[in-house]
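Same chain, two partners: subunit A is paired with subunit B first, then with subunit C.
The block that comes next holds the complex of A and B.
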């Protein structure tokens, strides 16, 4: 029996190898090569997503150089790049490496994590508005982080508490709409209600404590890159790396789960199991990002929107979302730092000012058949 | 007047009694160290100058303002729900209150600070917010989906809120003046503010009494209303103006308080049935009842300090919102 099967596969292989050169489907590049053992290998690369991702990456690099250069001490790009590697004047090396680089890294990581979490959850819920920020996960994480600050003082605890809060809020929202499915606006409004409750709890805790403790918790309520903890950033970096790898694994099932549940089951996807895993991934990414930057979950709406409008709809645009989320976050923080120079606008406010009209525009647009 | 013909014989006296009781409790209980007994003797006219100051100068205006704000927000919510035919339409959720708050913040940044100016400015801002909201309900596909409208309102008020906090970054004086007001609170308001509100509230009350009948005809649909001799467009504009005046006044004095305009008409409809003429009457006692109860809890729960009332209304109102949304079939108006 066994040999029979291997015979079959070998013969299929022979057939493949002997067939004339396979043409790539339109819109794809096909890379074919011979493996050392003499097998023919090929890889299909979607042309548009590659171009879009490369373009976004280049744009992100340019914006990063700008970000490192602009500020109260402006540096030309020709000074920034050597300073990045430790050459040039001491003061510019210090500014770039010690002051601006950690903040830039935090901005890139949080933007990428929010956008990746957003695209995962939107695909999962088949609802382009299902960002962690809108369905209340943000507020849950904030409430728990504030609780930790208010009660036990600043430590490693807020990030961990943010994780717990995000999981609680997600469980509540998904539990509340259990019968109705995650499609449609009811899901979103239920999440909005959960978020309102957690927002009120945050206010309640802030009202109970002394003013300086409340001030320490302030960045958590608007979203800012000022009050980041180094170990939270490190945790986020690890989490995002794991998240990207995991996203690579869930990419195929997730792109099939965009169809109806019945279709996905028919194509061999265990929808329930994958749904839980993807949801957990999205919640963990959001929580880690909130632990660094506070509630700026609107990035999770803007990033995937940009990525979707640029990429083709053949696959879920993970990479493009990640990059455009980072791009948006870096740009927003740059604007917040430089626009009103002596005053710094918290990045959460910049994002809300951009994201609010965007969300309204999505809502007001005449509905297409399937988003 | 054929307006008050529900079955108010049983429920209305009960509601009014409850309102009187809650007002009394609101006079007796507070965050300070004047306990219920001292307050009671002060009410009876004792010589305890501290207690009588607290009761008459602090708690009485506060109770009065709570009653006015509750009535205004409840009626405004019922009107807005009737005219947008949407059970989730609420001045706070849809951004009308945020419009008022934003307008006040702009006026303060420009250098204004007089109480009367603040009220008219808040009403203007509420008017603009209201017009935005109702023009949105006319967009095809959005108006017919109640839940989508709420989401649009949340986005709108989120935008206005972040613009407000952006302005506060510039101006420390304004930030100090507006910081506590933005959250919504009944504390520290004076009777002068109430007096300044009264004319516009009276005008709104007369207008609401006049449009209640056409509005209940509008519930049958625009064609039926036209057939009965009413002008749907005119009614709609009158309602917008009334809502703007009421919400603007309430916001000017107490800050943006969300969810009252959702819960109160909900309860009123449950008691009075679908006719807007009866619902409006029931909103009048239920609104103050809710605002005062929330305010009392806000005073007690974190004594000796106080909680902003907006926090409590959100804690009570958001579960109602979720429950309404969860219902398999949304109630239609």
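The block that comes next holds the complex of A and C.
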């Protein structure tokens, strides 16, 4: 009798234990709950990407405090943080809130947008060197912005013209490949050509005007955060917010589009439709960022590269790319502002000088072994 | 584990497939026997891979249709099709560093959603797929660290995890040595025993004879013969397909046709 009862209780226990227990795949946390309609819901969170993103976010915050404190008037972090909230000396509040904060915001937003656009396009093209800069969007924006400065006849502000230029370059590239499908590499080749044409146009315009006018157009040819327009920054902030949400939606299909098209189709992904949407997202993000900072597209190469070296290959590192891009941009602009003060080096040049060799090193070093 | 309810049927109806202006498959009507292994064979450039991608909806027909349970697959949503039909393309490549387990988990994609990312069913099916392909011990290995045969079995395991009644394989053994080929073919046979319909493109007629229940021989985009290998494979057919002469023997073990003393035709 006694043993029977204990058998029964054991089997009931087993039944209860065995049915709902689901182990998360290695490297993930699983959150499961019941929806109000009674459907079983589950989310997977990749541990490494959470850790990496948190780390990058903390690093970005530290660098931001540093950025707000350093400059012609140096402030200790203990003075920066109260000044952010309007406490402390008037002059430090003014310096932090009015002078440095808007520029910091522009640096974070442009860096994040370039890097997010970069990681999207690299995933689509299955090529870690593909960035929106390479497909001519930067050059289109520059050509139009320079045109608006050089030709007195045009009364539209350069950022608006940069936006129009980016859209024109993208439309041209889309138009040129329309006949041959939306194959990633074809798009890149066409974009490369379009970019070359716009680059040549910029040079032609600069060569034909007085040196003063050419000087005024100079920041648009290298990329700088000095001459920002508030409207353009606001637009970028909205665009990037939408872009982050959209990136969340494309994350799953995009992680499958890293395979060959046939594999992704076989798994039920409408590759063509997703490719077009992701391409548009990448183009819009780049265009908005170029309208603020000019052609600093190299961040779109460096940000994702840092993110990939820190992340696992289970998914596409969106968040880490975004944060790395912002981090690189803030650091570069900080260096540009302070290294040769009072002379300022445009952020585009800092990134090219430091980023170029660093990128070379990244690309030339032997691959990580996964054994 | 038996996949899906009533066995679905896959057939084509005067199907024509083209690359640009070049017609590759010409008005082809074929029905694929359910629960069996079908091999599509033919000389290089005869359109066998094109036919397979047409069956998987990767290639839009110029005319005619591919019918799944009598319904035109062009009208099916991508995700729905992916629950009925799995495809393993030729020379599939995976992102660097992906492990066997991670690859197989991608096969669950058509069954998952934004708020259904990892269910008990997913876990059970992935474990089953690992076991079916004999890869339990290698689950956490990166794909690059596997042998060719193991890697190909991992890819097939991904399609197993998709739990589709139909499985299309494009040259699953093309880059494998004999031992690894047998590994893959035995897995394919095992899947057919489970009730799946398997269609594979093969360039090797000998393995098609040995492992397929049904043979479709293509030449210039048309069917020149179809049926059980023992019935349709004749020296004349081999000559039509490959312009070679041969003697046919019977495998003492399986009864399937064996090609012997193959030499280039003098005609």
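As a working rule, the second predicted complex is superposed on the first by the 280 of 371 C-alpha atoms of A that agree within 3 Å, B and C clash if a C-alpha of one lies under 4 Å from a C-alpha of the other, contacts with A are read in each partner's own complex, and residues count from 1 in each chain.
Definition applied: a contact is a pair of C-beta atoms (placed from the backbone, for glycine too) under 8 Å apart; a residue touches a chain by one contact, two chains touch by 3 or more.
Just so it is clear, the structure is predicted and the values come from calculations on it, not from any experiment.
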*Would you sort A:196 into first (subunit B), second (subunit C), both or neither based on which partner it touches?*
first
*With the two structures laid over each other on chain A, which partner does A:259 touch: subunit B (first), subunit C (second), both, or neither?*
second
*Is A:270 touching the first partner subunit B, the second partner subunit C, both, or neither of them?*
second
*Which partner does A:26 reach: the first (subunit B), the second (subunit C), both, or neither?*
second
*Looking at the overlay, what does A:352 touch: subunit B (first), subunit C (second), both, or neither?*
first
*Tell me which partner A:43 touches in the superposition: subunit B (first), subunit C (second), both or neither.*
second
*When the two structures are overlaid on chain A, which partner does A:314 contact: first (subunit B), second (subunit C), both, or neither?*
second
*Which parts of subunit A are in contact with subunit B and also with subunit C?*
367
*Mind listing the subunit C positions that touch subunit A in their complex?*
53, 56-58, 78-83, 85-89, 92-99, 101-102, 105-107, 109-110, 114-120, 123, 140, 142, 144-145, 159, 162
*Give every residue of subunit B touching subunit A within the complex, in rising order.*
88, 136, 139-142, 145, 147-148, 150-152, 154-156, 158-159, 161-163, 165-166, 169-170, 183, 258-259, 302, 305-308, 310-312, 314-315, 317-319, 321-322, 325-326, 328
*What part of subunit A is in contact with subunit C in the complex they form?*
19-26, 28, 30, 35, 39-44, 252, 256, 258-263, 265-270, 312-314, 367-368, 370-371
_Which residues of subunit A touch subunit B once you look at their complex with the stated criterion?_
129, 134, 176-177, 179-180, 184-186, 188-190, 192-194, 196-197, 199-201, 203-204, 207-208, 222, 340, 343, 345, 348-349, 352-353, 356-357, 359-360, 363-364, 366-367
